Structure formats: C-alpha cells, structure tokens
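Per-chain residue numbering starts at 1, and chain names A, B, C and D are given in the order in which the chains are listed.
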Amino acid sequence: MTDLNKLYKQTILEHNRNPRNFGKPESWTHHAEGLNAICGDLVNVYLTIEEDVISSIAYDGESCAISMASASMMTEFIKNRTVKDALEKFELFCQLMAKGSDVKHIDDLAALNHLVTVKKFPSRIKSATLCWHAMAAAINGQATATTE
Amino acid sequence: MTDLNKLYKQTILEHNRNPRNFGKPESWTHHAEGLNAICGDLVNVYLTIEEDVISSIAYDGESCAISMASASMMTEFIKNRTVKDALEKFELFCQLMAKGSDVKHIDDLAALNHLVTVKKFPSRIKSATLCWHAMAAAINGQATATTE
Amino acid sequence: MLNNKNYRDQFPGLHQEVHGKPLVYLDNAATAQRPQVVIDAINDYYVNHNANIHRGVHSLSESATDLYENARKSLAKLLNAPSEKDLIFVRGCTEAVNLVAQTFVRSRVQKGDEILISHLEHHSNIVPWQLLCEQTGAVLKVIPMNDAGELCLEQLDDLLTDKTKFMSVVHVSNALGTINPVKEMVAKAHAKGVPVMLDGAQATPHLKVDVQDLDCDFYTVSGHKMYGPTGSGVLYGKAEHLEAMPPYHGGGEMISKVTFESTVYNAVPAKFEAGTPNIAGGIGLGAAAEFMMSIGLENIEQRDAELKSYAEQALLTVPGLRLVGNAKHKSPVFSFVIDGIHAHDIGTIIDHHGVAIRTGHHCTMPIFQYFGLAGSCRASFAFYNTEAEVDVLVGALKKAIAMFE
Amino acid sequence: MLNNKNYRDQFPGLHQEVHGKPLVYLDNAATAQRPQVVIDAINDYYVNHNANIHRGVHSLSESATDLYENARKSLAKLLNAPSEKDLIFVRGCTEAVNLVAQTFVRSRVQKGDEILISHLEHHSNIVPWQLLCEQTGAVLKVIPMNDAGELCLEQLDDLLTDKTKFMSVVHVSNALGTINPVKEMVAKAHAKGVPVMLDGAQATPHLKVDVQDLDCDFYTVSGHKMYGPTGSGVLYGKAEHLEAMPPYHGGGEMISKVTFESTVYNAVPAKFEAGTPNIAGGIGLGAAAEFMMSIGLENIEQRDAELKSYAEQALLTVPGLRLVGNAKHKSPVFSFVIDGIHAHDIGTIIDHHGVAIRTGHHCTMPIFQYFGLAGSCRASFAFYNTEAEVDVLVGALKKAIAMFE
C-alpha cells in the first residue's frame, strides 16, 4: 500500500466518517481557534476544565481530512487528562511531527503514532498539529493559535 | 591613435590647459547649476543676456576633463548668439551626443563636432552634455539641471 | 496558430517527474515556469556583465546598465507605455501597490476620504489600503460582486463619491479568473475625477495590455507570473503623477545631492528606485517580455481560449465537482470544490499523480467568504499546457474521489 | 591559508577581457562577482524546483519552500543569529533600513526626538532618516569624524541624549574602508537605553559577524555585496523587536486572516514578507553564505589583510596620489585622488587597461564634503583579487598620469 493510501485509508478516513467529540458544545470554560495562515484551515477547540482536569473537550471548524481526523483523535486522547499532562502530550506530539526529526513513535502517544505518516507530506504536518496548538492556546488563555 | 588618446589628447586637454571663460563673473543675469546625479559632477553656468543676446557667458565647477572642456568649448561657441539660437544649438548638440544615434557631424556645430568621440565612452556622454543642460536651464529660469 | 510543442520545449521546468509521474504544472497563477531565454539572460548578466549599474564609468558597469535599461524599454513596449521612464522596477505587484498607497495616495487622503477597491481583490490589493486607512483615517469601500464572480458595475457610479480619492481594482482575478471590464471602470472613475490603479498580476501573462488605451493612472506587473524571474516586476505610472509624487524608499540612486541638512531627489524613475535593484531580475524580466512579444499576445490569447473551453468541459465530467465563479469573460483559471472532500486533501492526493494545483483561499479570503467556502482547488493554465494535461488532471481527481468512497 | 587560485576559478565573471585586456575587477564594494555555486543554485531552482513557496501542497512548492527556508538557516548561521526566524528577507540594505525606519522607529518617535547616525554613512543610511524626520518632526544628529576617516567616539556619550530614540551606524565604510568599533558603540548606546542598527553592507563580505556578540538590535546584509544574487539581502532583528513592530508592506503571506473590516497578521518573519519574494535570490544568497563558511571567514580576513598591505604600499608609489581616509582598522578599500586629474577621467582611462574601479562620491556625499572633494577613485578588493592585479592597477594609473602630462 502506498504512503498515500496508508495515510488516508487507515488513519484518517475512519475518523472522518465517525468524528469523535465534533461540534460546538453548549458550554465550555476555555476556547481557542487554530488558524493555518497559509491555507486558511480553521479549527475551534472547546474545553471544560474543572479542578485542573479537562472534563470535556470538543472541536469544530472547516479543515481538511487530516486536520479533522487529528482533532478527533486528540479529543479522545486528551479527555479526562490533567492540564499539565495535556500540555506535556502536546509537546510530545509536536516532537513526533517535527519536520526533520526522525522520531517515529513515542510510547506515551499510543494510537496517535499512526499520524506520523503525515510527515511524508511535509506541507500537511501543520494540518495535523493545528488542533493541538489550539488546545494548548485555549489552556493558556490565548484566543488564537497560528501555525505560520 | 586609439579612441582614448584621440579623445583626451586632441579634444580635451587643450581646453583643460587653457579654459576659456572659466570662473565666476562679477555679475550675471542668468545662472543655473548642472548636477550629474550619478557621479556628483557639478558645473555652474553664468549668463548675461541683454536684449535676447547672450553678451557674456562663463562657467565654473568641479568636474572631469571632458565636462570642463565641453563647457569651455560651449562658452566660446555660444557667446554673442541670440537666446533662440543658443537653445537651437543645445538641441542639435544633444542630437549629436544622443546615445544610440548615428549622427557623427552636425554642420551647424563647427568645432564642437570633435566631442562626438565621447560617444565611444557611453557613461561619459553626460559629462559632455552637462554644461549645455545647465545653460538651457539658466535661460529657462530653472536653478538646477540634472542629467540622471 | 501557436505550436505548443515547440514552446513547451523551451521551459525546462516542465520536463520533470513528480512522485514518478510526469509533472502536470497547473499552478501558473501562483507563479509561472520560465523559458530558457529568461534563465540564460540571468546567467549572461552574472557571467559576462556582472557589475552594479548607473554609477560606474567602467565597461562592465556600462554594459550592465544598458541591459537593465533595455529591459525597461522592452517592458514599455509590452505595455505600450508612452515612455520607459514611466516604469519603475519593483519586486512584484505587492510592492507596487504598497508604493502607490504610501506615496501618491497617502499624500492626497485625509480622514473621512474614501478608497475604492473591489470584492475580487487579492490580499495585496486589500491590506495596503487597510494599513493606509489606519494611518490616515480614510475609509475603505468595496465594489460588490455577484454569484458568477463578476463585479456589480451598476453600483460603481454610486460608489464613486465626492470623497473617493483613489480606486484600485484587479484586472484579472487570480482566484476565479474573472476578467474585469477595466477600461469602462477607469472611464467611470475618471468621469468623477478619481485616479485608478489596475492590478495586472494575472493579466500580463494572458492578455495584450495597453496602458494608454486603458488610460489607467497606474498599472502593476508581477514578473514571476509572466514567465520572468522571481523578485521582478514593474509599476507603470502616468508621468505627471510620478513627477508629483513624494519618493518612497530613501537611499542611493534616488537622490542627486545629499547633505545632512537636505536632499535633492533624482529624476523619475530613479527617484523611486533607491539602492541596488534586482539587476538580474530586471534583465530577465525584459527577456520574458521579448519572449512573449515574439510569440505574439494574440496567439497566447487564442491558445488560452482553446484550453479554457476544453478544460471547462472536462472538469464538469467529474462527479460532485462544482466550479466557483463562472464569469462571462474569464482567463483559463478554474476554482472548484468537490462534495465531501476538502481541497487540501485533493491537492495532496493528485500531487501523487504528478498534478500541481493550488488549494486554499489563494490570498483572496473575502471571495471565499462570499461563497461561504474556506477555499477551493485552483487549476490555472498557461499557453504551454495541453489538453492531455487536462485529461491527467481529471483522471487524478476521479481517483481522489474513489479514495474517499 | 587560502588558495587564491582555486577560488578565482569558481568566479566565472573574473575570466573575461575588457578592451582586449584581462579584466581586473576592483569594484567589489559596488557589487561582488558571484561564484558558480550561487549561479547554479539559482538555475537549480528555476529548472528543478520552480514554484511559489509557503502556499502550496504540491511537491514542487514544498521543495521550493524548503530551499528558501534552508537559505534562511544558512544566513542565520553566518550571522550567528539566535534563530532563523529573526531574519527577514529583503532586497538589500537600502530596503532593510527603510523598513526599520518606517516600522520600528516611526512608531517610537515624536517631534523633537533624535535619531543618531554618523558622518560615515552611505546615503541609504541617511535619506531614510531624513524622510522619517520630515514625517515625524524628529531631528537627525551626526557623530562626527576626523581626518583619518574615523568616528570621534569621545563625543558619542554626549550625542546620546534623553531624546535619542535610535542609533544607526555603518559597520564598515564603503567609501573609506573604515571599520567602526561597533560593539563598543552598541554598548554605549544600550547604556543609555538606545536601540542600535548596524549597516553591514560592507562588513559581511569581509568579516566574521556575530550579531549576538555585537548585541545590536538590527543588522542589515546586502546579498549582492557578499557574492550572492542581486535583489537579495536580510535584515536581522532581535525577536522581541520583530514581534512588537507594526508590519511594513501589506499583502499576501503576511496575514493570517483578512476581511474587509480587519486583518490578523501572520507570525514573524512572515509578517514582514508580503507578496512573492525573490525566491531565486534568497536561495542563491543561502548558497553564498554556505560558500563563505566553507572558505572560512578567518581565511578571508587574513587574505584581506595581505592584499590591503600590498595594495597600500603599491598605491603610494604613484606620483601625486593621495589616499583619502587612513583609519587604523580598515577593510581592503582604497579611496584616492591624483593631483590635477579628475576621478572620472582616471576611471575612463584605466578601464581601457581592463581595470574596473569606481569613481565619484560612492553614495557618501557628506564624507567628501568633509574632505572638500567632489569624489574619489575607489579600488575595492575581494579575497579573490591578487597582488598581480594590484600591479596592473598601479601601472594603469601611471599611464593615465602620463597622458595628462
């Protein structure tokens, strides 16, 4: 199977068909939008943080399949983690996806590791990390995260 | 004799050694400075115009041998001409010296025709025409003439 | 008739493989490929005439200056400008618009005055005016568009008010391909005494442009879009405006006399060309202009028309594909969306079939806000593209759709 | 030790004849020759990676973007900048100075505030400040110089007043070769809270520059003077300044969101790089930086020192020749005048012996006003010049003198 098929078939399309935690919730405590300046991708991330725990998380926006699937995966993965833990996982995920780095797998990231195939399409790495930047921005009280 | 020798030996150096009408006169009716923006050449031309005749003309400035010799020749040539005639000769001289033109001699210009050799050194054409632009500017009441 | 095959051979960038497939380059509106003559002109300058221009008495500097100034003449011929002195070399259209905004327009507007642009503008012809409005208190007005992606010209007369100090509109839309009736628009603006700039970034690669016939006050050209080097372009301005305008950048070349107390500016166009310019770029752009004239703009226009009708029909056979913008007069540029698949995913997938298109908002966010879209896929053609390449595009799109099923 | 012969071979522009004589290129301070690797890098982009950058998902656009961003990294390494994000690609030093004047400085000065420059500045570092002073009512102050062509540093503390909002000084003088003690000057300015820009146009071709060690707030680099393409250059700025500064040009790339009502700017450095940049130029400049690092700046500095002392001794054998400027620390640049012969005449005459020098005011009129001269002859060397070329220069000068006798 080509990288292209692997990327889309295995990892992405399933989440696109059955997005988890998609849609704007009725209430939240933290929110940020993620903007990809170059292509106009937009993801909103909504968090409810109670006593330092992310008790609920949702997303919406208009964005490509990679970005949407990554957000869907992220919400599943982050829900019920502490804020500190979430920010640590954000760092790990950025390392995994960093252009140029050879990291292929990070134990702590479990299912998210499939997304590493995106690195074969360098211009799309930002699609995969956009929601994560928005999540971190929301926690840090920033309204907007951009991936230049 | 090379063009270089021809230019300097025959035409230029004689006027440099014995400049005609050089120096700032005590009085004048019209004056303009000629500036060559690129190299910083400067020529001042001073005219006394009485009843439409250029009764006296002088120049000074800081400039290369070509420019100084051209000014020296110009003053000899222009003195006692009418304003109208002087401006016509200015046009003719510009035609003679125009980059790209093939004109090698203009009857009305007599001795000035020697300067056509300057055209073999295209970057120096402006040196030769600077004083003429200043003369025309002075007649037209402009303070400064620039040859870009 | 244009012998397409011959011209293709002259563009080395077209003859390569991407992911093991022959490149199908349909991103010409972003930047064109360059013919060998342009690349050669750049090389020739660096190898045989490498010197700075305008300031030297030595031979290399003279010949470099001649090459550069001859390039200006070629551009003047291409645009039918009254004189090459009416052309200022710039980095591209973006710099040209900023230059005019910060000199000509800034010196004429006051709080409450209006600047008129259109809904079809590229960000390059929006943001400089927003910056100017912030700086001066002027107000930005917009000529609206309709569902076809055409400007609503019937509203133009009303939008041109006593307060309108400048109008700047795009000649050909990079996102939708719409060719605006700019001559008519200039006439309407002039009737109200409003000077006009036309953004020609997408026009010069395709159309015969005659600035005297259009009677525009300023016209911008992006070199890299018309087969010339990156970092090259020209701004045409009517001589009377260029004379009257304050300078832009301060620096070498643009002055005739400097003291710490005061400075005398040089004559036009030097007044607007401070510092060492992109000499190789200017020379290469001149070669591009000569190349286009040697092909003949009418031949390019005809070839564009052929490609456009073939591509339009072919694209409409793709299931779920919807064209965005269908102006009556348009350039061979197609924006489209496909049901259920995001543009970026399409871009990535068809790239694996060798097809280079652009995806996103194409620096025209307001257009896509109008259509309620985040962006589109854009296939933009040049005269060197072929019908066979259209077929590859269409095949690749169908494969992308299959992948998402 | 630098094997000069090998490096000469890599510069195709050096191997040609002028008026039937081998070219002796001594106009390096105006613009340098480019090594084959730089020309090849430009070609490689146009032939193998020809696409627009940053905006595309297709492969060509990706590889073009990588090349361009890698070039930024090479420049960061050359200057020892903390991050390549601190570098903005510009057309050259002139644009860099104008950019800083109109953004960082313009947003900080008010009527009566002072901008401090020096008597050694190039017009590029004078006129932008004069324009700013006109626009804002700020006042231009000048650090004086002495007969050697060195700045009077003992006056610097007094010139840095409560009103001084910015200092901009040249690192190495293009007219006289003076190397200013810029690290010390930055420290003095910082002690008074004044941010400093250094004009590095003539420094980077010759010296190891470390922006962190200098601690300057801004540093300008002219690509075409450091063996890179025309129309290329970088502005280094401390990250905190670049973040805080308003944008310069409006256009594509520099925004993240545009509506007609408002605009969100992109992150640094994109915020300052509106429109399609000189992509080939940036890539070529990266190649020039790598080339210089591969030679080793310490080797270039050593070779400069050798050439300088040889040339100085040789020039002083020319009867009637007077050197203008004899700073203790200087670059291999010689300004001189010859009794009774105007510089332009010398330039024309020695060009006929194949020798290319510059004549005139070298865009530094105030320096020549100081010396009571209209200009000078300037012979400026690069590491690829040779002692034999110095001898040809001296011989040609003697012939020019003979001609005037």
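We take it that contacts are C-beta pairs under 8 Å (C-beta built on N, C-alpha and C of every residue); 3 or more make two chains touch, one makes a residue touch a chain.
Just so we're clear, the structure is a prediction, and the values are computed from it rather than from any experiment.
Find the geometric centre of each of chain A and chain B from their Cα atoms only, then give the gap between the two centres in Å, rounded to an integer.
75
Where the CA atoms of chain B average out and where those of chain C average out, how many Å apart are those spots?
Using C-alpha averages as centres, the distance is 45 Å.
What's the distance between the Cα centroids of chain A and chain C, rounded to whole Å?
37
Using the touch definition from the top, which residues of chain D touch two or more other chains?
In chain D, 55-57, 61, 255, 257, 344, 348, 359-360, 365 touch at least two other chains.
Two-or-more-chain contact residues of chain A, please, as numbers and ranges.
In chain A, residues 38-39, 121, 123-124 touch at least two other chains, as defined above.
Can you tell me, using the touch rule above, whether these chains form a line, ring, star, complete graph or other shape?
Here the contact pattern is something else, fitting no line, ring, star or complete shape.
Considering every pair of chains, which are in touch?
A-C, A-D, B-C, B-D, C-D
Given the complex with chain A, which residues does chain C contribute to the contact?
Touching chain A: residues 341-345, 348-349, 352, 359-361, 365, 368, 374-375, 403-404 of chain C.
In the complex, go through chain A and note every residue touching chain D.
Listed in rising order, the residues are 35, 37-39, 121-124, 144, 146, 148.
Using the touch rule from the top, collect the residues of chain B that touch chain D in their complex.
On the chain B side, the touching residues are 2, 4-5, 8-9, 13, 38-42, 62-68, 121, 123-124, 127.
Within the complex, which stretch of chain D touches chain C?
12-13, 16, 18-19, 23, 25, 27, 30-31, 33-34, 38-39, 42-43, 46-48, 50-52, 55-61, 91-95, 97-98, 101, 122-124, 126-131, 140, 142, 222, 224, 229-232, 247, 249-255, 257-260, 262-263, 274-281, 344, 347-348, 351, 355-360, 363, 365-366, 369
Using the touch definition up top, name the residues of chain D that touch chain A in the complex.
Against chain A, the touching part of chain D is residues 54-57, 61-62, 65-66, 255-257, 264, 266-267, 270.
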